[in-house]
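Please go over the structures that come below.
Note that subunit A is present in both complexes that follow, paired respectively with subunit B and with subunit C.
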Partner chain A sequence: MNLVVTLQGVGGFFGRMERTHPLLPWLLAIVALLPLPLILSGLFNDYYVYLANRICIFIMLSVGLNIVKGFCGQVTVGHVGLYAIGAVTAAILSTNFGFSFWMTLPAAIFIAGLAGVVVGVPSFRLEGAYLALATLGLGESVRIMISVTPYLGSSTGLGGIPAPSAFGFTFDNFTRYYYLVMPIALVGIYLSFAILRSATGRAFQAIREDTIAAAAAGINVRKYKLLAFVISAMYAGCAGAMFAHMRPGYIHHNNFTIIEMVTLLLMIVLGGIGHVWGGVIGAIIVTIIYDQTKDFYFYQPLLFGSSMVLLVIFMPQGIGGLIDRYIVTQRFIDARREAGDGTS
Partner chain B sequence: MEALLGFLIFGVTIGVVYGIVALGISLIYTGLDIVHFAHGEIYMFGAFLGLVFAHQYNVPYWLAILCAMIVTGLLGIVIERVFYRRLTRAGGGYTVAGMGMIICGFGMSVVLQNIAFLIWGADAEPFPVNFGMPYQIGEIFLPKSYVATAVAALVLMGGLHVFLKKTKIGLAVRAVAQNKDIAFLMGINVPLMISLIFGVACAIAAAAGVLIGPMQSVQVEMGYLMLMKAFAAAVVGGFGSLPGAILGGLLVGIFENLGAAYISGSHKDIYAFLLLILVLMFRPQGLFGVEAKVKA
Partner chain C sequence: MALLETRMLSKSFGGLRAIQQLEMDVEEGSIHGLIGPNGSGKSTFFNLVTGVYKTDPGSVVRFAGEDITNFEAHEIGRRGVARTFQLLRLFSEMTVLQNLLVGYHTHTKYAAAAPIFRPRSVVRADQEASESMFELLSIIGLAEFADMPAGELSGGQRRLLSLGRAMAMRPKLLMLDEPAAGLSPTNVDVLMGIVLDLKKRYGLTLLIVEHILKVVMDTCDRVTVLDHGQKIGEGAPHEVKDDHAVVEAYLGKEMSDEEVRAAFAKAAR
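Our next item is the complex of A and B:
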């Protein structure tokens, strides 16, 4: 119960700040997260700063996947393919054409968005398992395409991707890179909330709850489904570009296998499908666990797979659902207590 | 001309194997209303079990197929009883538990693959079976393993057909696939039939694994690609249709091998996905016009 009170307190605090100015809590969050790499490298070592970077990239991925899967209810399992498209686009544009990060990032987002259209079009006619099959096929064909085409890296991978730089400042180690990816990840989370609260987000949720009723209420189902896919693909493309430019600036098709997809799925299942913070919490927890169990490399898939199966069976709402339920229960208790006071 | 025929023969043989796995996936879909994403790993387990029976216990090849089928079928029943049953029940009756079931299947496939890796290691194991010299028809050599595969597939299909259409239990299985509530009211033991369907589907996948062993080697990661191709076969033939699954398997096998021969060999694995996506986008009910059962 203490947890609930704390959460409500934090929520209320953020709510008050948000009334002062809508962007204030986000600015505060950025400021609060600024000293993190110094603390991490001071307490442990540089490797943990690298981990923080990875978490930021995975937050982008899981938040993006949550938009199409959690908000709009479309089952897609080809998200890693879009991530790969973003990474490869950024890598090729920067190594072969000499574009800077500030050009490759929008390009990767754009190309991944186009690929999102391709992934989204089957969703017009397909539902549930069929859609999962189609997206799985698309995602995996992207990876196979990369692994057999020499221009896209094939078996040797693409290397020598330069670190981003701005005004003479190069983001060439993990501590510096953190100051690039952390704000981007926070902007991603903010935009995700903005989408959820807008009319678009309500249309997504209407489609998730009942497609036919949504269509009857005047929502252009095809348009919004496609929009959900494109937005989530753009998140994935952004994450891909951030991954490609991170030191050591090397990508390989083994970075985009089905195992990554499973890790990603576990993140949003653990965090709670449809909860923005759930995706963030899931990304943090899973990345840390993934790293801490590296010594037991052989047993990792077993751990991840079985926790996924057990989560789906016993805790289908994830951590986000658990928190929701506590808050709702607490409200009921409060309401009943107040009602009881009134009558007696 | 000989080259083309050679590719066609290989395509048909491998297509038959795709078709057998697709048969199991279709069977599970009609019976349980779920798409089983861990079926490729069941197939891989079957192949390894066949290898163990054939080489460690020195049973003859055809008996190894049978033993692998039985053991994998039992394994499938255990998995269904322990894990999937809770999910299929969660949706109220045996309806699609949608996303949960798909994610659960994914998790299960990773778990099974890891278990197989821990038991048998990551190396590709050869599965030599001596069938004797290939048949020679004119200029074309037809390896006996291909013939054996085709014959075994025919036997399996025939057996499944007889089981579903001629026996009383088969009638019960079809009733369960049609409507579980009414089947239950008719006095059919629905949970038992569900387990049976799952077990039979897993046994069929194991047979496919042992059949493909002599043609390719047996390794831990073989399940995933097979799953995708079997999905493609099932979708091309119309999901949930049993003859369609075999036809779709043949089509995928031939399409893939002709593509590999005449377009680009290194892109071989993409052609099946291409076919899958094209069919899903333009004819989701399958190429042969079978009315696919769309269940809510």
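Our next item is the complex of A and C:
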């Protein structure tokens, strides 16, 4: 009950601000999140600031994955491969060619977007589990490529990736880096909302619900499927570049295994597939759990795999779905009360 | 002038010839009925015209004088052919309004990347779209359900919504695949009233597949009868009704006394 009231209150507050100016709530959110590293390092230690950075990177990944899987309904398990492509692109461009972060970020986004086309093309013919297998193959082959090619890091990984800097300010520790990745993550969330509520987002959802009916309504199904894959790949590329430039500036193919993919899937399943905020909440919760269970490294896949199965059985809509249902139910009860035939 | 023409339209699924060299003209501004027993190829015809299936070689489909044979489904939709589905195929998790807005998709005036910063032009275009969709919702009588997920509507409301979604495309030709299936007689009248109202308001051409013969006889200007993928009759409703081949296709051949005796004898054995 209280949760619903709070949520409606927050929602209404944001709605009012948004009507004043569409970007206002987002600017306020950035301002509100500014003191977080100070609080975290004051209450705990610097490690938790690192965790906050990781969460921001995973928010980019899960929000991006939600666009292709949640909005457009295309099951892809190759997302970590695109993340790896973004990270390796940023690493090589900065160490071998001396590009700055401001060049490697768009380059990583662009290259990952191109790779997204490759991952997206199988979706023209494949659906569901078959598409999942195809994308899984593509994602894993990226990781194996990296692990056997010396130029891409192979078994030693790529190190010495410089920290980003702007106007003489270097983002060279976790607190400083937070001020770079937090706004990027918020921009990612904002863009995801912008896509969802536009005609493009409706086209994605229509394809998820019924491909044939979407085509009959004049929607170019292939174009929009590919667009969803490319957009989500660009998110992954962005996350990859953010990861590569984070201290210690080192990437290894072990950062892009299938375990990471399962973790990522768990985030959006827990948060609620198709809910933008769900992806964010999932990223926060799962990153923290992942971190807290690191001592039981060997049992993590078991833990995550079984919790995924349990979630799909008992809470397929995720946290986002539960909140949605609360709000809808509450609205219904309110409407009944206003109509005067409520029983309570 | 014929708005939709098919010439030598054929489609085989393996050995099954679902449509055989069908020649059909749907006159602009008319209400054209398409009837026939189950499995006679009515739905296949719809799927061929709207690009869900590819036709066999030699077939020609022309819409408003343009050859649209084997165009992609969205290309055909874009040209002004809207259809409903027998199984409705609504976007159940989207709201009623969003269902219509998807139908309106091709008329959205901004580029795919424009909504990112939501400039005023996008906000205005979205508002205009919503307003004109609300107008349509009030015609089909679903305005008060605008924000409800389509999956939560009743059966009759879903049929109306599928009609509305097709109308949101602002089509020239509206193809209805069994619009009245499963409705009570009163609701059938309501639905057909709305369809006729929409036709008058927007100058539509209608092509209707329907099993409820009363609907076909009352509303259609012209009726084509299919059986085993072939045209076995065409004309005004009253002509078709009395056509020998048509009656036979629906009810079976009339038996002679001899045949009846033989059949009884066989059954008794």
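Following the convention adopted for this analysis, the second predicted complex is superposed on the first by the 340 of 344 C-alpha atoms of A that agree within 3 Å, B and C clash if a C-alpha of one lies under 4 Å from a C-alpha of the other, contacts with A are read in each partner's own complex, and residues count from 1 in each chain.
In this section, contacts are C-beta pairs under 8 Å (C-beta built on N, C-alpha and C of every residue); 3 or more make two chains touch, one makes a residue touch a chain.
Every value quoted in this text rests on a predicted model; they were computed, and no experiment measured them.
A.B. asks: For A:227, using the defined touch cut-off, is the partner it touches subunit B, subunit C, both, or neither? Pick first, second, both or neither.
C.D. replies: second
A.B. asks: Determine, under the contact definition given at the top, whether A:333 touches first (subunit B), second (subunit C), both, or neither.
C.D. replies: The answer is neither, since A:333 touches no partner chain.
A.B. asks: Looking at subunit A, does subunit B or subunit C touch a larger number of its residues?
C.D. replies: B
A.B. asks: Should A:137 be classified as contacting the first partner (subunit B), the second (subunit C), both, or neither?
C.D. replies: In the superposition, A:137 touches subunit B alone.
A.B. asks: Identify the overlap between the subunit B-contacting and the subunit C-contacting residues of subunit A.
C.D. replies: none
A.B. asks: Tell me, which parts of subunit A touch subunit C in their complex?
C.D. replies: Spelled out, the residues of subunit A in touch with subunit C are 22, 191, 194-195, 197-200, 202-203, 205-206, 208-210, 212-221, 227.
A.B. asks: Would you tell me which residues of subunit B are touching subunit A in their complex?
C.D. replies: 29, 34-35, 37, 83, 86-87, 90, 96, 98-100, 102-104, 106-111, 113-115, 117-118, 224, 228, 231-232, 235, 239, 266-267, 269-270, 273-274, 276-277, 280-281, 284
A.B. asks: Considering the complex alone, what residue numbers of subunit C touch subunit A?
C.D. replies: Interface residues on subunit C, with respect to subunit A: 50-52, 72-74, 77-78, 82-83, 85, 89-94, 98, 101-103, 105-106, 108, 110, 112, 114-118, 122, 126, 165, 168-169.
A.B. asks: Provide the residue numbers of subunit A that touch subunit B in the complex, in ascending order.
C.D. replies: Residues 69, 73, 75, 77, 121-122, 125-126, 128-130, 132-134, 136-138, 140-141, 144-145, 148, 258-259, 261-262, 265-266, 269, 273, 298-302, 304-309, 312-313, 316.
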